[in-house]
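These are the structures, in structure tokens.
Shared between the two complexes below is chain A, which has chain B as its partner in the first and chain C in the second.
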Partner chain A sequence: MSLGANEAMTVRTDASRSVVTLSRRKRTRYAWAYLFVLPQVVFFAAFTIYPIAMSYVYSFYEWSGIGPLEDSVGWSNFSELLRDPAFWNAFRNSLIYIGATAAILLPSSLLLALVLNRAVFRGKVFYRTVYFLPVVTAASTVGIVMKFIFGNENALVNGLLLKLGLLSEPVPWLGQAGTAMGVLVLVGSWKFFGMAMVYWLAGLQSLPGEAFEAARIDGAGSAQVLRYVTLPLLRPVAAVVLLLTVVNSMHVFDLVKTLTGGGPFYATETVDLYIYNYAFNTSGFPRIGYASAAGIVFGLAIFLLTLLLGWLVQASRERGERPRRAAAARGGGRE
Partner chain B sequence: MNKIAFGLLSSAAAISLLLTGCSSEQTGSTASGTSSGTASGTAAADTASGSKAPVTITYWSRWPESRQAIEQTIADFEKDYPNIHVDFPDIVSSQYPAQLQAAISSNSLPDIFANSNAVPIDQLNRLGLIHNLDDVLTDERKQQFYDGTWTEGYTTLDGSVYALPHFTPRRYSHMLYYNKDVLAKAGLTENDVPKSWEDLEKVGEKIRQVGSDVYPLILGIKTDWLVTGYIGQMATAIKPEVVPNDGFNLKTGQYEFDSPGYVESVEFLKKLQDEKLLHPNSLVIDYREASSLFAAGKAAFVIDGTFLSSELQQNNKFNDFGVAPLPTKDGKPSYYAFQGETKATVHVSKNTKHYEEVKLFLNYYMDHFYVNQLKLGVEGSPIVEQNKTTQVDNPQFLQAQDIQDKAFILSPHPYTRNKAAVQVNTELNGKKPKENVGQIVEGYLAGQVTDLKGQLAQLSAGYNQALKESIDKVSRSGAKISATDYQFPNWTPFEPYTSDKYAELAK
Partner chain C sequence: MRRLVARRGTNALLHLALLTFGALWVYPFVWMLFSSLKTNTEYIASGIRLLPESAQWSNFSRAWRVGHFSAYFANSAIVTAATVVIVVVLSALAGYALGRVRFPGARVLLAAFTATMFIPKGYTILPVYQLIKHLGLLNTMPGVILAESSGAHVLFILLYTAHFRSLPQELEESAEIDGSGFFRTFRQIMLPLSLPIVSTTVIMQFIWTWNSFFVPLIFTLNKPELRTLAVGMFSFTGENTVDWSGMAAGASISLIPVMVVFILFQRYFINGIAGSVKG
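And then the complex of A and B:
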């Protein structure tokens, strides 16, 4: 049975009407979606895109931030910056801070997450909250409080170590280059510790239970489960925690400003503080153009570092899938 | 995971609310302070003697030591002029340049605002941001001030007044404050207060016997501008040709931070540190933390500016102290160069909508604020007569003022010789090296700077290079100025450099 020409026409017209109706609906939905997104786009353009774009413009001017942009200096801000040992010192300090906090945070927060993840552990919620507390405390507050704790004579840390007999005389923790950076790294790590721990906990709770069950049936002990099951499965999570820790450490500013002020003698000055000191110099003319050039160079460096870490995350995900698939296959086989 | 996240987020939200509760209130107050300068009030065209419509004018200050005297003046002013409210927001002095910078960029300067090194008067005027004050500071008024107050590039431009002094122009010099109680505990009297470095070491050993946590000297090394100042002043007792104000050798026309004066003064501090005569906290604290520890009896001496006496009395509620001249290498006198400049001034925004009210306030300021400040023992008045007639019952303040007056000696200034030097200063400001002597002192005491003379020589070279480039640039723009305008071969340090000396050079 075939359709007549008229019937066929009617069906086609109905179909095209429904297409038109659908596309109208779709368009309306799109319009609403764009309307809802618009405020965010406007704010993003005004407060993120515009400042970034303008910092590229400023970097080619000798400009104090006041008055018209008149004194174009070409690439001289960049060449001066790249020749400035203080910039490279700040760059090095930033890298040291990033590397050291990651080295401390990753294993220590994983260890605690493993402990807090155990079902038998009592008061888990309390401890999780306690460790998370520094994350929500303002970095500047932490800096000021820690300055009093690590300050020299009569301060808490020295007093305690002297009483315990671990020190024979007070140590100027914030008055020596090495110890000042050490304190900064420790405090910075402590501040982000709770966040890293939450990432690990989330990762631990998303691991497939079958793999652990299978390992236990195979007779594996706790250490073996950790070594051969948990850690390999956590590799993609580790890459993400590393990425987030590094990104968090890249822009350390308020903590440095309040805890060490970048001292002693630039020993803890990070790039963010270096930029701030040029943009809002209190002892002379501010140099917004030069500070913008520093921001751009550091921004590019961060971009490259983030790309590298992004690649690491991707690679570890791919690797991480293999043991997951293998574990799933083993679990499935037993069923 | 969801339970954990919820629990953590709820706790975090509660804690963050608790922690940020106070700060949001403060932000609100500051914001109101910034906005009222241009937006508040409805009586733009009213004169103070005419309509009584309420008007708010805003005043930004950067001198914490003046706060009480300003508040008192404002309270009295508002009683006398009930329709005028003066908004006086609390501004952290270290953040003042950034705040001023932001206000200029957003065209929201307050009606009255303190000056700042970050934006020199010459630039403010070129940008059309400050009001001419000739009708406030009439010739008759101007004569009441100290000679040299109305100096080109500081308070005046092309002969017109654009800035009102806030303190006496002879400020601030540095001095040694001593804690009488600590001295007494060490069996010492005010006669034992050291005049030389050697005296300080000798006395210091006795003070160390008082207790393991009591030191002879405490300094706030983190306050680099103050350290730069007193090192420079101590250095004048060794090489007086280099003025302490900016490390400039007025004979040669070159910066000379690596002069024996600077090097030996910094080395002396290091020696005190090595001998454990300098409080170990000095390296990690600022000047106000140092003065608090001094008031708490943790040190017998502290070096600070003239303004410390009011700080100790008002904020630390401490009065058992005395003031003495700065100890120097051989006990020789030190000095500070008075170059006719007034470094602490207030400007009026050109865009103020309430100029008549501002004028009233400025006149009130001159008649009452200077006196209030004197009575509170903060600083001397820029008006000569007020210093003579105001009864001040504050021995330490008077002692400090006496030392300060003697320390200031009229010295040559390139601005007076050639007005184009004002433009050079504006050019120079952005080109100066980032470091200063105070930071190098910190580095030397922390052990990071090993070649002190080399580091100071590098600083001098950076400054001299910047000066040369700035002079060349201004010269290329058509102004007649050269490096010789910065050299004063007929100057003898410690002798007042008077106008006839400038005339002698011009021949």
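And then the complex of A and C:
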């Protein structure tokens, strides 16, 4: 490291024998660097910055997306939105989905990650592949396949439960509000489970080995190690996994659209479906301004939620530091 | 010794549990594959019986030809290949500049990219749609590709930046002494040293784009012949409400390529995902 720095310095002093060459070299490097970032910056400006700005502009207009943007309506899109029970229904559905998947996913995927992280355990890669497989499949196609598995009276789930004697007659899983949301949450969790597990595994592998060594020297059993060392040290990782799970659950459009279509009677309509229906509904008159307003309100809610979770990450990181330092100190004292 | 035996016992139990759950886990895919080989009447009558009486490969040829899956497959392949190339080139170039040159504005730029990480795509898609419409690319293949390549590619840029920053300074200097220019050093020395990262980004982007549904759906609403597999699958079920085995064959056609790619190259994909937690 220091050798490299020294060498770099020599080169630099060599070059700076004449100031002109140095600055020319630097200037060419800068020019190349700007050229290298230029395409990404253009994309970033056109497809990220501009759209963010424009969605605010649109939200103050009544606009179908065709013709000039001229019918300025002030805040009326927002006030209409906030008075629309259908929007709040979609908002609530999104929150239910986000909360329920997180509650199911976090503990279950941690459990599997802990098993796969055992020191002597064969077939880790095999199991990881099996449980990760749903992650790489298209959510939309999964939704269609699951619709056939749950939706049909004679199909898999009903057939299986009838045969096992757990049901006396077929249940219309996707035809009732409560069970439809249940199926949606279940399928969504199944699909994201492998991802959460890999996040946990990466977190587990980043834990300091000396804490475990110290605990073992102190004679802690594996249950005690889990309770007093692993879980407290994992707290910052848990916050990150929670954040990533929540961010993922905010966009269930593909799954909802294909599995339930938002039904029955809007029972599973989420905010992204609500926006889609206003912006791209082919049968009615598209309302780009109104849809943009809905996107902004939900976007702000998401932002506040991520801010809250980000604060949680920060707080747990600070709290996680303490046991880590204590464990390290204890391990050091033993030597 | 006794501890070893106990551990073996625990491991055996764990394997049993993991295998049982694992079978349940992939069962929907297995069911889908077998359903694609049944006749429609067999499908309705079979309930939980898995195996078809005789394999109906005609379901696949029917989906392929009559169900337009050959066209959907070609569209998916074109869109995915073009998007992968665009995104990987853009993020590798940006990551190289950000990782190796401390040019004025580099830190601001990196911060700006990162700040937009949590802005959901649904939030920006309406203006992107209008933008592509203004460019006259609505309902065209380049329009779909451009929309698919939009977004800030934050994860990839961060991966490339961290990687290029970690390469030793001496490499670049000795190349420079040998008379290699900035671009040639990047192309012939630095990039070949980055194959693992390139593979990671290629595989991840491949899987994301192949599976993408929302963007190709709205950008091909009025142009059925541009549909990708995911969108085609959706419209197929809308139009053929009684052709269940054709549906299962179509689902198999759309899911199998990505599963194969994942199983072959999963190391790269998993590394990329794990990188996003550590970062």
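In this section, the second predicted complex is superposed on the first by the 306 of 335 C-alpha atoms of A that agree within 3 Å, B and C clash if a C-alpha of one lies under 4 Å from a C-alpha of the other, contacts with A are read in each partner's own complex, and residues count from 1 in each chain.
FYI, contacts are C-beta pairs under 8 Å (C-beta built on N, C-alpha and C of every residue); 3 or more make two chains touch, one makes a residue touch a chain.
In this text, all values refer to a predicted model and were calculated from it rather than measured experimentally.
When the shared chain is aligned, chain C comes close enough to touch A:247, but chain B does not.
In the superposition on chain A, contact is made by A:65 with both chain B and chain C. Legend: residue contacts after superposition of the two complexes on their common chain; A:115 is shown touching chain C, with no touch to chain B.
Comparing chain C and chain B on the residues of chain A they touch gives the larger count to C.
Shared-chain residue A:277: touches chain B; no touch with chain C.
Legend: residue contacts after superposition of the two complexes on their common chain; A:263 is shown touching chain B, with no touch to chain C. Of the two partner chains placed by superposition, A:168 touches none, neither chain B nor chain C. Look at A:292: by the touch rule set out above, it reaches chain C but stays clear of chain B. Legend: residue contacts after superposition of the two complexes on their common chain; A:151 is shown touching chain B, with no touch to chain C. Of the two partner chains placed by the overlay, chain B and chain C both lie in contact with A:132. Taken together, the two structures place residues 65, 125, 128-129, 132-133, 136-138, 141, 147, 154, 198, 201-202, 206, 280, 282 of chain A in contact with chain B in one case and with chain C in the other. Residues 1, 4-5, 7-8, 11-12, 15-16, 19-20, 23, 94, 96-98, 101, 104-105, 117-119, 123, 126-127, 213, 222, 224-225, 279-281, 283-285, 429-430, 432, 434, 436, 439-440, 442-443, 445-449 of chain B touch chain A in their complex.
Taken together, the chain A residues at the contact with chain C in this complex read 4, 7-8, 11, 28-30, 32-34, 36-37, 39-41, 43-44, 46-48, 50-52, 54-55, 58, 65, 112, 115, 118, 120-123, 125, 127-134, 136-142, 144-149, 154-156, 159-160, 163, 190, 195, 198-199, 201-203, 206, 237, 240-241, 244, 247, 250-251, 253-254, 257-258, 272, 275-276, 279-280, 282, 288, 291-292, 295-296, 298-299, 302-303, 306. By the touch criterion given at the top, residues 62, 64-67, 86, 125, 128-129, 132-133, 135-138, 141, 147, 151-154, 170, 172, 174-177, 194, 198, 201-202, 205-206, 261, 263-267, 277-278, 280-287 of chain A touch chain B in their complex.
The touching residues of chain C, when paired with chain A in their complex, are 7, 11, 14-15, 18, 22, 25-26, 28-29, 31-32, 35, 44-45, 47-48, 89-91, 93-94, 96-98, 100-101, 103-104, 106, 109, 112-113, 116, 118-131, 133, 149-153, 157, 168-170, 173, 182-183, 186, 207, 210-214, 218, 221, 229-231, 233-234, 237, 244, 247-248, 251, 254-255, 258-259, 262-263, 266, 269-270, 273-278.
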